[in-house]
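Below are two complexes that have chain A in common, paired first with chain B and then with chain C.
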Partner chain A sequence: MIVAEQKPLTEIAENIKDAQKVLVVGCGGCVTVCLSGGQKEVDILATSLRILRKKDGTPIDTATETLERQCDKEYVDKLAEKVQAADCVVSLACGVGVQYLAERYPDKVIIPAQNTKFIGGTTEHGIWEERCALCGECILAQTGGICPIIRCSKSILNGPCGGSQGGKCEVNPDTPCAWTLIYGQLKRQGREAALGEIFPVKDWSKARDGGPRKYVREDVLL
Partner chain B sequence: MSDPATQDGRKFTTESKLEKLFARGEFVVTSEIGPQKGASADSIIHHTAESKTYCDGFNITDNQSAVVRLSSIAGAVHILRHGGNPIMQMTCRDRNRIAIQSDLLGAYSLGIRDVLCLSGDHQSFGNHPSAKNVFDIDSIQLIALVKMMRDEKRMLSGEEMKDEPRFYIGAVESPFGDPLELRVMRLAKKVRAGAQFIQTQAIFDVEQFAHWMSLVRSAGLDQRVNIMAGVIPVKSLRALKYMKENVAGISVPDELIERMAKAENQQEEGKAIAVELIGKLRNIAGVKGIHIMPVSWEAVLPEIVTRAGLHARPVID
Partner chain C sequence: MSTFEPRIIAFCCYYCAYSAADLAGSMRLQYPASIRMIELPCSGKIEHNMLLTAFEEGADGVYVAGCMEGDCHYLKGNIRARKRVEYVKKLLDELGIGGDRLEMFNLSSAMGPRFAEIANEMTERIRALGPSPLNKAHSQTEKDGEDA
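And now, the complex of A and B:
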C-alpha cells in the first residue's frame, strides 16, 4: 500500500488561512489502511481545524467526505456539489488523490494534508516499512525476494558495501543490511553462488528517471 | 614504433607506475591526502612535497565522508604538478554514468593513470545530509566500466571511442565486514570485474586479517590481484575508541585500546602501533603492499614509513 503520514496541523492551518468554508476529504484506500487518511482521521482533522480557527478568532465551517478512492475519477466526480460549496479542499489522500482532485476541480485550491512517504506495509501494528521503489523492472527473482533498490541505502546491485556491520546498515542501526538479508535468503535456498555473478547496470529509464510514466493497455481501452 | 606500455619486454595494461612496481615484485606503499574544504590546494601541495619520496602514490579522496571538498580530479592534478603520483578516488554517490565516464576521460587527459573505484560514504554522514544521492551504478559496475572503456574502447552504452582512458584499476575491500564468506566472494567479483589492486579498510586486528587472507589465498585471489593492507596511524585513545565504536568495517582489539590507555605519550604510542602493524602485515602471505591512511595526520607519514624500513622507494625510469 501507499503509506502516508499526516502533516503537522499548523502547516495545514497555514495553507487554509484565507478560507472560511473548508471541505476535508479522506480516501478509503491505502491511507485508511495505514490509519492516516480515512473517515476517522477526516473527522479528527476537521474538528482540530475548527477548534484552532475558533481559538484564533477566525472560525470556519467544515464539511467532510471520504471517497472510496481518490485516485479514481468516478468517485472524485461525486464530490462536485460539496467542492462547489467550499472555499478550499483539504485532501487526506496520497499525492495521487490530491492531484486527481486538483485536475477535476481546477478552480479550487486543493491542499494536501499528508506527506506521502512510500510503498510498503506494516511489520507490526503501528510500524510501516518501505518495500518497493517502483523502479519499473522487478529484480526480486534474482535477489531472493528482497529488494536492494529500496532496502539498501545505496541501492547497490552488487552488495553489501563496506558499511554493513553485524547485519545492519551503517546509515541506521535499526535498518537491516539488505544484502545480508539477500545472502541469507539465497543461502537458505542453496542459490548463494549466484551472487558471484556481476549484476549488470540497471536501466533506470524504466523508473521515474525516464520521465513521468504512463501505462496503456490496449485490451481494456474503451 | 614501440609500444609505450611495454617495458622490460613485458606488456602492461597501462602506463601506471603502480602497475610496474607490482610487476617488478616491489612491496608498494601508498598513502592518502584529503583535500581542503575550500578553493585552495595548499595542503595537497604541502603534503605532496613533504611525503612524495616516502610512498609510491597518494590516494586523493573524493568528498570522503560525504563532506564537500576540493574535487579529487583537481587534487590529483595538483599532486601530479608537484611531482607526486595520484590515485584518483571515484565514488558512485555523486555522479551518474554520464558524469562518471566524462570525469574518467577528463582525468586521463590530465595525466592521471590510477583510479580507485568506491561506492562512496552515504550522504547522511556528511555536511549535506539533505542531498539527493545518485548510485546510478555501484562500485563493482564502476570497475567493470573503467575496464570496458580501457580494454574494449567502448562506453557503457556500447558506443566506441578513439582515445580510450587507460587506467590501472583499484578497488577497496573490508576484511572485517559481514558476512565474511560474502566478503571473499565479493572480492572475487571485484577481481573478475577488473580490479588490479585492492586497498583494504584499516586493520588493527592482525589475527582476524590473517584469517581473511587465508580465505583469499584459498580462493587464489592473491595471485590475481595486488592486495595492499590498510593502516591508520592513530593519534589518541579517543580516536582509537571512536573507530572501534563508530566506523563500520574496523575491528580494534581490546588489548590495543588498553595499550593506548596506558601510554604516557599517545601520539608516540600511535606511531609505534602503526609501525608494528606494518611489520606484521607485510609478512602475511599474499600482501603486496601497504596503504597508510594518516587521517588528519599527514605529517606523520615520513616517520612511519622510515621506521617501518620502507623509506627507500623504488624508482621507475
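And now, the complex of A and C:
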C-alpha cells in the first residue's frame, strides 16, 4: 500500500485560510489502511479545522466524503456537487488522489493534507515500513524475496558493504542489514552459491529517470 | 471568573464509572452539577472525534473514566481509551484549546467516593483554566439550567 502521514494542522489551516466552505475528502484505499486518510481521519480533520477557525473568530462550514478510491475517475466524478458547493477541497488521499481531484476539478483549489511517504506494509499495528522503491525491474527472485534497493540503505546490488555489523546496518543499528537477510534466506533455501555471481549494473532507465512512467494494456483499452 | 460554572462532559464506562456514580448517589455524596455524564459500553468505545466534538459543542473540559488497568471487561478497552486521550490532548494543544482540559481516569464500580473526588478535581481544574477558548464570548453570562 501507499503509506502517507498527515501534514501538521497549521500547514493545512494556512492553506485554507481564505475559504469559508471546505470539503474534506478521504480515500477508502491505502490511506484508510495506514490510518491516515480514511473516514475517521476525515472526521477528525474536519472537526479540528472547524475548532481552529471558530476559535479564531472566522468559522467555516465543512462537508466530508470518503471515496472508495481517489485514484479512479469514476469515484472522483461522484464528488461534483459537493466540490461545486465548496470554496476549496482538502484531500486526505496520497499524492495521486490529490492530483486526480485537481485534474477533474481544475477551477477549485485542491489542498493536500498528507505527506505521501512510501510504499510498504504494516509490520505491527501502528507501524508501517517501506518495502519497495518502484525500481521498475524487480529482482526479488534473485535476492530471496528481500529487496536490496529499498532495504539496503545504500541500495547496493553486491552487498553487504563493509559497514554491516552483527546483522545490522551501519547507517542505523535498528535496521537489519538487507544483505545479511538475503544471505540467510538464500542459505536456508540452499541457494547461497548464487551470490558468487556478480549482479550487473542495474538498468535504471526502467525507474524514474525518463519522466513519469506509463503502463498500457492494449487488450483492455476501450 | 468567580461566576464561571464550567461545562464538563464525562464519558463513563458502564462497568465502572457509571456504576460508581450511582453508588456516589446512593451514598449521598455531593459532586458538582457541572458534570454531564455520557454512558459508554466500555471506555474503549471512545473515539478521537467524539472528544473533539464535545469541545466543539461547548464543553470546557472532558474526561473519560474507565475501569482500573487490568480490569477492563473487554480486556484492553481502557488502555486504548488512554492512548486516544493522550493523542487528543496533543491535538487540543495544537488547536489552542489546551490538552489539560482533557483527562483519563481509572476507577472501579465500588469507588463511589473516588467518583465524586474526580468530579471535584476536574471541576476545580477547569475553573482554574477558565472557559474554553471556544466559549469565551458567552462564558460570563451563560447559566445552564440542566440538573446534574
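Please note the rule applied: the second predicted complex is superposed on the first by the 222 of 222 C-alpha atoms of A that agree within 3 Å, B and C clash if a C-alpha of one lies under 4 Å from a C-alpha of the other, contacts with A are read in each partner's own complex, and residues count from 1 in each chain.
Here is the rule we go by: contacts are C-beta pairs under 8 Å (C-beta built on N, C-alpha and C of every residue); 3 or more make two chains touch, one makes a residue touch a chain.
These numbers come from a predicted model, not from an experiment.
Peer 1: Looking at the superposed three-chain arrangement on chain A, would you call chain B and chain C a clash or a fit?
Peer 2: fit
Peer 1: Who does A:207 touch here: chain B (first), chain C (second), both, or neither?
Peer 2: The answer is neither, since A:207 touches no partner chain.
Peer 1: Which partner chains sit in contact with A:48 here, chain B, chain C, both or neither? Use first/second/both/neither.
Peer 2: After superposition on chain A, A:48 lies in contact with chain C alone.
Peer 1: Tell me which partner A:198 touches in the superposition: chain B (first), chain C (second), both or neither.
Peer 2: Only chain B is touched by A:198; chain C is not.
Peer 1: Look at A:156 in the shared chain and tell me whether it touches chain B only, chain C only, both, or neither; answer first, second, both or neither.
Peer 2: first
Peer 1: Counting only touches as set out at the top, which of chain B and chain C does A:171 meet: first, second, both, neither?
Peer 2: After superposing on A, A:171 lies in contact with chain B but is clear of chain C.
Peer 1: Which touches a greater number of chain A residues, chain B or chain C?
Peer 2: Per-residue touch count on chain A favours B.
Peer 1: For the superposed three-chain arrangement, provide the angle chain B-chain A-chain C between C-alpha centres, rounded in steps of 10 degrees.
Peer 2: For this superposition the angle at chain A equals 120 degrees.
Peer 1: Considering the aligned complexes, could you tell me the closest Cα pair distance between chain B and chain C in angstrom?
Peer 2: For chain B and chain C in the superposition, the minimum C-alpha gap reads 27 Å.
Peer 1: What residues on chain A does chain C touch that chain B touches too?
Peer 2: The answer is that chain A has no such residue.
Peer 1: Please name which positions on chain A make contact with chain C in the complex.
Peer 2: 8-10, 40, 43-44, 47-48, 50-52, 54-55
Peer 1: If we count contacts the way the header does, which residues on chain B are in touch with chain A in the complex?
Peer 2: Answer in residue numbers: 92-93, 97, 119-122, 124-125, 133, 135-141, 144-145, 156, 172-174, 177-179, 182, 185-186, 188-189, 192-193, 201, 248-249.
Peer 1: Give every residue of chain A touching chain B within the complex, in rising order.
Peer 2: 153-167, 170-171, 177, 179-180, 183, 192, 195-202, 204
Peer 1: Can you name the residues of chain C that touch chain A in the complex?
Peer 2: Touching chain A from chain C are residues 47-49, 52-53, 55-56, 91, 94-97, 133-134.
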